[in-house]
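Below are two complexes that have chain A in common, paired first with chain B and then with chain C.
Coming up: the complex of A and B.
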C-alpha cells in the first residue's frame, strides 16, 4: 500500500488552488503505470500536453484579475436527469449539475482525507455506533432557511423515506438507524453497526444537505428546484433543453480547495443537454457553447491541436469501467473460462487505437483515485497461450466448422450487451470479438437501447455487461461484489452485484469485504480491502478497462475550470470569462 | 412474347398512347435485337461492330451507369477477388491510417482496411436494395392488380388502405415495421420493401386501369377471351415495362433507405461491413479521419445514383422510340 501512496497523493484533478495541478496530478497518476503499458505512454504525453494547456490558462491568470459577470453555456453529453435533486435515484448526470447548487456536510480531499465543509466538526462515540455532527452556524440556504441540527434530521428522513425513491443516498445512510437533536447545531447519528465509510458518504453530492423548508414541499417540487447552499441556484428547467442556474449572491461556503471566496464570478450558467457527441463538439468549436463534457477521445485529440480549445480530464472514484462476467450460467460459471476470456483480449491495443491513447488502462477494480486501489497488471494482461491452455483444461478441446471451441457439442460462446451510455463503444467489443475468436471463443455483440440494456441486465440475460459505479470510497466493493447484493432490490429490478458469484469463493470475498467495512483501524481497513481485491482478481469476475473520467473540453478563454474532489465533478465557482 | 402490337394503334386517349409508347417497344424489339434469325440489313456485320452499334445505340446515359453497376455487381459477387484483405481482418496497431498505397481508402479505428470493407459491403447493400424492391413490387403488384381489376368495392378498400399507408413517410413506416419485427438485416429488407410498396401499388393500379380500358382489351373481351388470358396477355405485359423502370429506380432508393436504417443502428449488426453502419461509426471521427465517412458515403451515393440513372436512361430510351 505504502509504495502507491505517493502516486495517490499526487492524484486527482481537483486541487483547484493551483490551476495547473489538475492535469499535472493526473499525469502523476499515470506515472506509476508508465512502465506497464504503451498506451499509458501515449496518454501521459497527451494528458501532460493538456495539462500544459490548462497551465497556460493559469499563467495568464495572475496578469488579469478575474472578471465578474456573464453567462457560461455548458453542454452535457450525459443524459438529462429525471430529477434535479440527486437524492432521488442518484446518478452521475445529477451529480454533474447539482455540484453547482448543492453541498454536502464534509469535504474529502484528493488524498481521501475527510474534513469539514457545511459541518464544523464531528465526534465518534467509543463504540463507533454514534456520530455527533456540529454544523456551521452562519449558513443559510438560498430560500433563507438556516442550517441547523434539524436540517440533518430532515435530510436523513427524506433519504430514508421509501417514497423518495433514493438508490444511491439510501445505501449511503443504510447504517444510520436514527438521528437525534443534541443542541441547536449538533445532531447525533445512531448507527445499527459501525460504518467506517460514513463520513465519506456524507462527502458525496448524492447525500447533500438541502433546506428542510424546501424538502417539506415534497419530491415533485423539490425535483424541479432543489434548494441548497451552493454558489448557484436553480432558476428554471426547460425539460429536454436546458437548466438555468443563477448566482447565489450571498454565497460564503466555498470548498476548502476553492480559488477565491465570496460569490461566484459567473452570473449565470445555462446547462444544456446535447447528447450527440459530434454535434456537441461542433457547438464547442463554433463557440456556441463554452464547456462540454463527455469529450470523446478523438475530439480530445482535435481540441489539443486547436489553440481556441482546452481540455480537462480527470478520473472519478469507484468501480472502474469494466466488463462484468455473469457467473450464473455457461460458460462463465468456470473460473478458467473467465480467465481465458480476460487473457484472450487486448485492452491496451483497444485503448491505443479506438481511444487514441487518451484514456489510461486500469488494472484494478477500484479507480486509481480511490483509496486502497490495488493495481494488478499481472492478473489482467493479455496472454493468448495461457487462454488456450485454460480452455483446454476446462474441456473445450473440440472445434467446430467455424473454428470455435466446443464441449459436448456445445459451442464456446457468450453474449455481450452494449449501450452507448456505458462508455464502452461497440468498436471495443468488435476488437475483443476478433481476439476472442483467435482462441476459439465466440463473442456475440448485442447493441441495446438504454432501456433494453437495463432490462437484460436486471434479468441476468447476458454473458458480459459493461458497467461502472461511481463512489468516493473503497466501500464501493461492498456494493458491487458482496453476494448479498445479487438479489434485486425490487423483484425483477436493479441488482448491484452483476457477477452473481456464489459458493466458497464468494463467501471469502464477502467476509473480507464485511470486515473491511466495519473495522475501526484504517490500517486494517486497507489490508482487508487489499485482500478482498486479491480475491476478486483471482476469480476474474470482471475485466477492468479504464477509470471513469470527467472529460471536459472548453473554450480557452474560459478561466478557472476545476474538478471538485471527491467525485471529480466540474465546478464553476472559480470560473470566469476572459473576453474583454 | 407476342404482344398484339397492331392493337395498340387503336389507342386514342393521349395519356394511354404515352404509356403505350413507353412500354411496347421494349417488348417488341428486344427479342428482335438479339435474334440473329431476324432478317435485318446489318446481319452480316461482325460481332464487334454489332456490339459497338448496340453500345452507341444505348447512349452514355445508360452505358456509364451500366459500367458502374457492373463494377458494383462484381464487388458483390466476388469481393474476395477484388479486396486486398478480409472485411473483419484487424490490426489495431494500424488504426486510423490515412488513404495511401498500402490502404487505398485508409483504415478504421481497429485498423481494418476501409477499401476491403466497402467492397465487401456492396453485397449486403445491393442484396438489400434488390430484395427490398422485389418485396415492395411484389406486394404492390398484388395490391395494384387487386384494386385495378377488382370490383368497385375492392378498389375502394385497397385504395383507402394505401392512402392510410401514405400518411406515413416511407422511412417512418420502415421504422414502424422494425419496431414490430426487431432490428436486423432481414427485417430491414422487409421494412424497406413494405414501405416502398404503397407508392408502387398506386402507380400499378392506374396502369392496370388504363390498360383495362384500352381498345385491345375490349377487343379481347369481344373475342370472348377469358379473364386469365387477358391478365396474362395484355395487362401484365403492359404493366411489366414501367415496372422494370420503377424497379431500377427503386433499388437506388432502397439502398439509401437501408443504409439510413443501418446508420440508425437498426440494420446490419457489428462487425458486418455495411455502408450505412460504417458511415454511422465514421461520423464520430469525422474531424480526425474523413475517409471513414467519405468512402462508404461515396459508395452509397454511387450505387443509388447508378441505379437511378440507369432507370432514367432506360425510361428515356423507351420514350424516344
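Coming up: the complex of A and C.
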C-alpha cells in the first residue's frame, strides 16, 4: 500500500533552498530561475565543489535528525473548498486541508479500532442510548479557548443548525438527539436509537472539534478561518490561489501514530490550488512545489523512475470506486444479466493498461482499509463462458445484425454515465465496452460533466454509474445499500442507494445491515456485516474496481510525509525538509 | 501625415469659419445620436445576455442546491436539500426567481454566490483585476508580435512572406491548453527559467500565461495586418513616396504601419472577448486566479449567481472595448473622421 521508495540524492541543479522566512524562500526560487547559462555554471560548480557532499548526504539519509523550520508548498489537484470548515458540506478537498488544523475526539487506527484523542475516555450506558465523553483537560484551541464539555454541546448544535449547511457531519450525528453537560469536562450524548458507528463518526476530520468561541462567529466567518487544535492554524486564504497555514507553537495533541511530540517541524505550509494535472506535475518536477496530490498514473510511473521524486499512495476507507448497476430497469433488473456483465469485463487488464499497475484491484464493496471488509475474488473474476451461459439462460439468445444479443426484438444494451469527478476514465469504459461486446452486450458510454452526471444519477437515468462513498466505517453499507435510501423526497432528488434493488433479496440485505448497525457486540457486528456483504455480492449490485486513493508525489528531500488514519489524508506534522 | 497623399482631412483647413461651426454642430449631433443608440443598444444586449444566461443555467441538468451544499456529488440528504432550497428561495417558480433576479440586477445587486457565500460583486471585484492585467498584457504582446512579424515578412521578400504566413497560421491554430502545457514543459521543467504556476508574486509568473494567450492572437492579427501592409506598400501613395526618395524603412514605419494597424484595431474588440474566454483555460493551466477560472468553477457546480455575474460583466467589458476600438479606429483612420 505504501510504496514509498526513499531515494536520497543531492540535486545539483537546484541550489539548496534556505529554510526559514518567506523571503529566503523567494530568494531560493529566484536562484533556480536564473538563465540557463548561469544555472549551468552554478550546477557545474556545485558538482565539482560538493562531490563529496553528495555521498555524505546519501549516507546520512533518513538517520539525520529532523530539521525544524521552513515552508512546505503543497499543490492540490482536488477542487478548492468553498469553506475551510469541513462541517459545512463535508467533502474530500476539505478533509485534505483541514487534517492540518482540525482534530476529532477519537483516533481510529488502521485496523479500525477506536482510541482516545481529544477525548480522554468514553462510556456507554447499558441501553446504549447514552454516551458519556470525557475530554482532555489540558487542551486549548489556537484562539485560546479551552476544550471542555461545553465545546461538544456547541459543536453538535452547530452541525445540526440548518443554516450551517452540513451534509456529512449532519449524517454523522443523525442519531444524537441532545447533548447534556455532566461536569466541566464530561458531556453526555443522548441517542434516539443505538448507533455502534458513533465513535467512528467522531473519529473523522469531517466531524472535528472546533473552538466554541470561533463557532459563535457564524458559518461565514468560520468558513474563512476555522479554529481547531491541530499542528497548524489557518493564517490566510487567497481564493483560487492558496491557503497559508502556520505552525501551532503550543501544539501537544499529536495522534497516537505520530513520529514525534511537540510542535510540528515545518513553520509554514502553503496550500496551493493547481487543478491542471500536467502543470501540477511540472511544478513538482521543477521544484516549485514540494508535494502534489491526485498524482496521475503516468506521473506516478515517471516519479518512481526519477531519483528526485518519491510517491506515497494509500487507500481511503468506505465504499470502493465501483460501477453501480441500476436494477430498476431493463436489462439489469435480472440478476443473471448483472452477473453476466460483471463476468464479461476484465478489470485486471484495464488496471494494468490504463492505471499502469499503480492501482490495486478491489474485490470487495468495502475498501481494503475499512473494518470488516471481505475480499471476494471468486464473485468478481472474469468468466466469459459463464457470462454467455447466464445470458442464454436469461433468454437473450437471438442476435442482431451487429452481433448483439436480443430478446423479443429488443437489443441487450445499457448506458454508462461517466464523469471526470469519479476517477474511472473513459478509456476503462471503452475496454469494458469492447469485452461486453464479445458476449453480445452493448455498452453505450455517455460522458457528462459533474452536475449533469448527478442530475442523471438522481433521476435513475443510467444503466451503470461509477460511484464511491468515503467513510471510515462499515456502516457506509447502510447508507448506500439499505433500500430505505432508494426513494427521494422530491422527484429527481438525491438518493443514497443507487442500485434500486427491492423485493425479498433487498429485504434480506436490509435486515442484515440494520442488525449490524445496532448490535452491541463487535463480534456480532462483524458477522452481520460479513453476511450483508455476501448477500450484496450475490446480487451483483455493483462491480468493485479499486479503493479510493490518496496519491501523493513529492520531492525526495521532503521527509516524514505520512497518511493519517482513518481517512488516509496526508498529514505534515512529522514532515521536514532535508535541504541544508 | 504631411506626405500622405491619401490624407483627406486637408479639406478642413480651407473651409470657412462659419461652415466649420455648423459642421461641428452637426457632427456633435451625430455623435450624440450615435452615443444614445449605443447606450440603448448596450442595455438591450446586457438584458438579453442576462436573460439567456439565467434560463440556460436553469435548463441545463444539475441542481443549483448542490452548489450551496459543497458541489455536485455531495452526500446531503434530501431533507437537508429541501431546507436549503427553501432558505434560498430556490423552491419558488422559475419566473418569480427570474423577476427578482432582474429587479436586483437593475439596482446593481448581483446577489450572493451559492458556493462561496460572498456577494458576487465582491467575488468579481477580487478577480477582475487579475484577468484584466492578463488580457491587456496579452493584447499588447500580441500587437507587438504581430506588427513585428508583419513588418518583417512584408518587406523580406518571398521566403519571408512564406515563413511569416506559416508562423501566423500555425500560431493562430494552436489551442491554449496545448500551448500552455508546451511552454511549461520547455521553460519550467526543462530549462527551469520560469515558474509553471502563476501564483508566485512578481512579473515572472505572468510571462508564460501572457505568451500562451498572446501567441495565437498574434497569429490572427499578423495575418490581417500583413495583408493590408502589403496593399499599402503597393498603393499609389507608396509609389509616389518612393519617387520622392523616401526609404523603404521609413515608408513602412511611417505610412504602411498605420494601414497595417487599422484592421488590427478593428479586431481588438473581438480579441478582448477571445482573450477573456482564453483566460478560462490559461488561468486553469497556470493556476492563476481570475474571472475565467471563477466562471469555469461556477458553471461546473451550478453556482448560478456567479455565472450570471461573470456573463453580465464580460458582456459589459465587450461593449466597452468595442466602443473604445471604434474610437481608436476613428483616430487612426482620418477617412472615418470625415464621414
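Criterion: the second predicted complex is superposed on the first by the 512 of 580 C-alpha atoms of A that agree within 3 Å, B and C clash if a C-alpha of one lies under 4 Å from a C-alpha of the other, contacts with A are read in each partner's own complex, and residues count from 1 in each chain.
We take it that a residue touches a chain if its C-beta (ideal position, glycine included) is under 8 Å from a C-beta of that chain, and two chains touch if they have at least 3 such contacts.
Remember, it's a predicted structure, so these values are computed and weren't measured experimentally.
*Asks:* State whether A:510 touches chain B only (first), chain C only (second), both chains, or neither.
*Replies:* neither
*Asks:* I want to verify the contact counts: of chain B and chain C, which reaches more residues of chain A?
*Replies:* Comparing touch counts on chain A for chain B and chain C gives C.
*Asks:* Would you check which partner chain A:559 touches, where first means chain B only, second means chain C only, and both and neither mean what they say?
*Replies:* neither
*Asks:* After lining up the shared chain so the two structures overlap, which partner does A:200 touch, if you call chain B first and chain C second: first, second, both or neither?
*Replies:* Neither partner.
*Asks:* Give one of first, second, both or neither to describe whether A:353 is in contact with chain B, with chain C, with both, or with none.
*Replies:* Touch partner of A:353: chain B, not chain C.
*Asks:* With the two structures laid over each other on chain A, which partner does A:482 touch: chain B (first), chain C (second), both, or neither?
*Replies:* neither
*Asks:* Of the partners chain B and chain C, which touch A:278 in the superposed model: first, second, both, neither?
*Replies:* In the superposition, A:278 contacts both chain B and chain C.
*Asks:* Both chain B and chain C touch chain A; at which residues?
*Replies:* Comparing the two interfaces on chain A, one with chain B and one with chain C, the shared residues are 278.
*Asks:* If we count contacts the way the header does, which residues on chain C are in touch with chain A in the complex?
*Replies:* It comes out as residues 60-63, 66, 68-84, 87, 115-117, 123, 126-127, 180-181, 184-185, 188-189, 191-197, 199-201, 204, 284-287, 289-290, 293-294, 297, 300-302.
*Asks:* Okay, in this complex, where on chain A does chain C touch?
*Replies:* So the residues of chain A touching chain C come out as 13, 26, 29, 32-36, 39, 75, 79-83, 88-91, 94, 162-163, 165-168, 170-171, 219-220, 223, 238-242, 272-276, 278-280, 282-283, 285-289, 421-422, 449-456, 458, 469, 479, 488-490, 493-496.
*Asks:* Report the residues of chain B in contact with chain A in the complex, numbered from low to high.
*Replies:* Those in contact with chain A are residues 88, 90, 92-93, 95-96, 108-111, 265, 269-271, 281, 283-289.
*Asks:* Which residues of chain A touch chain B in the complex?
*Replies:* Residues of chain A touching chain B: 277-278, 281, 296, 298-299, 301-302, 346, 349-350, 352-354, 356, 426-427, 429-431, 433-434, 445, 447.
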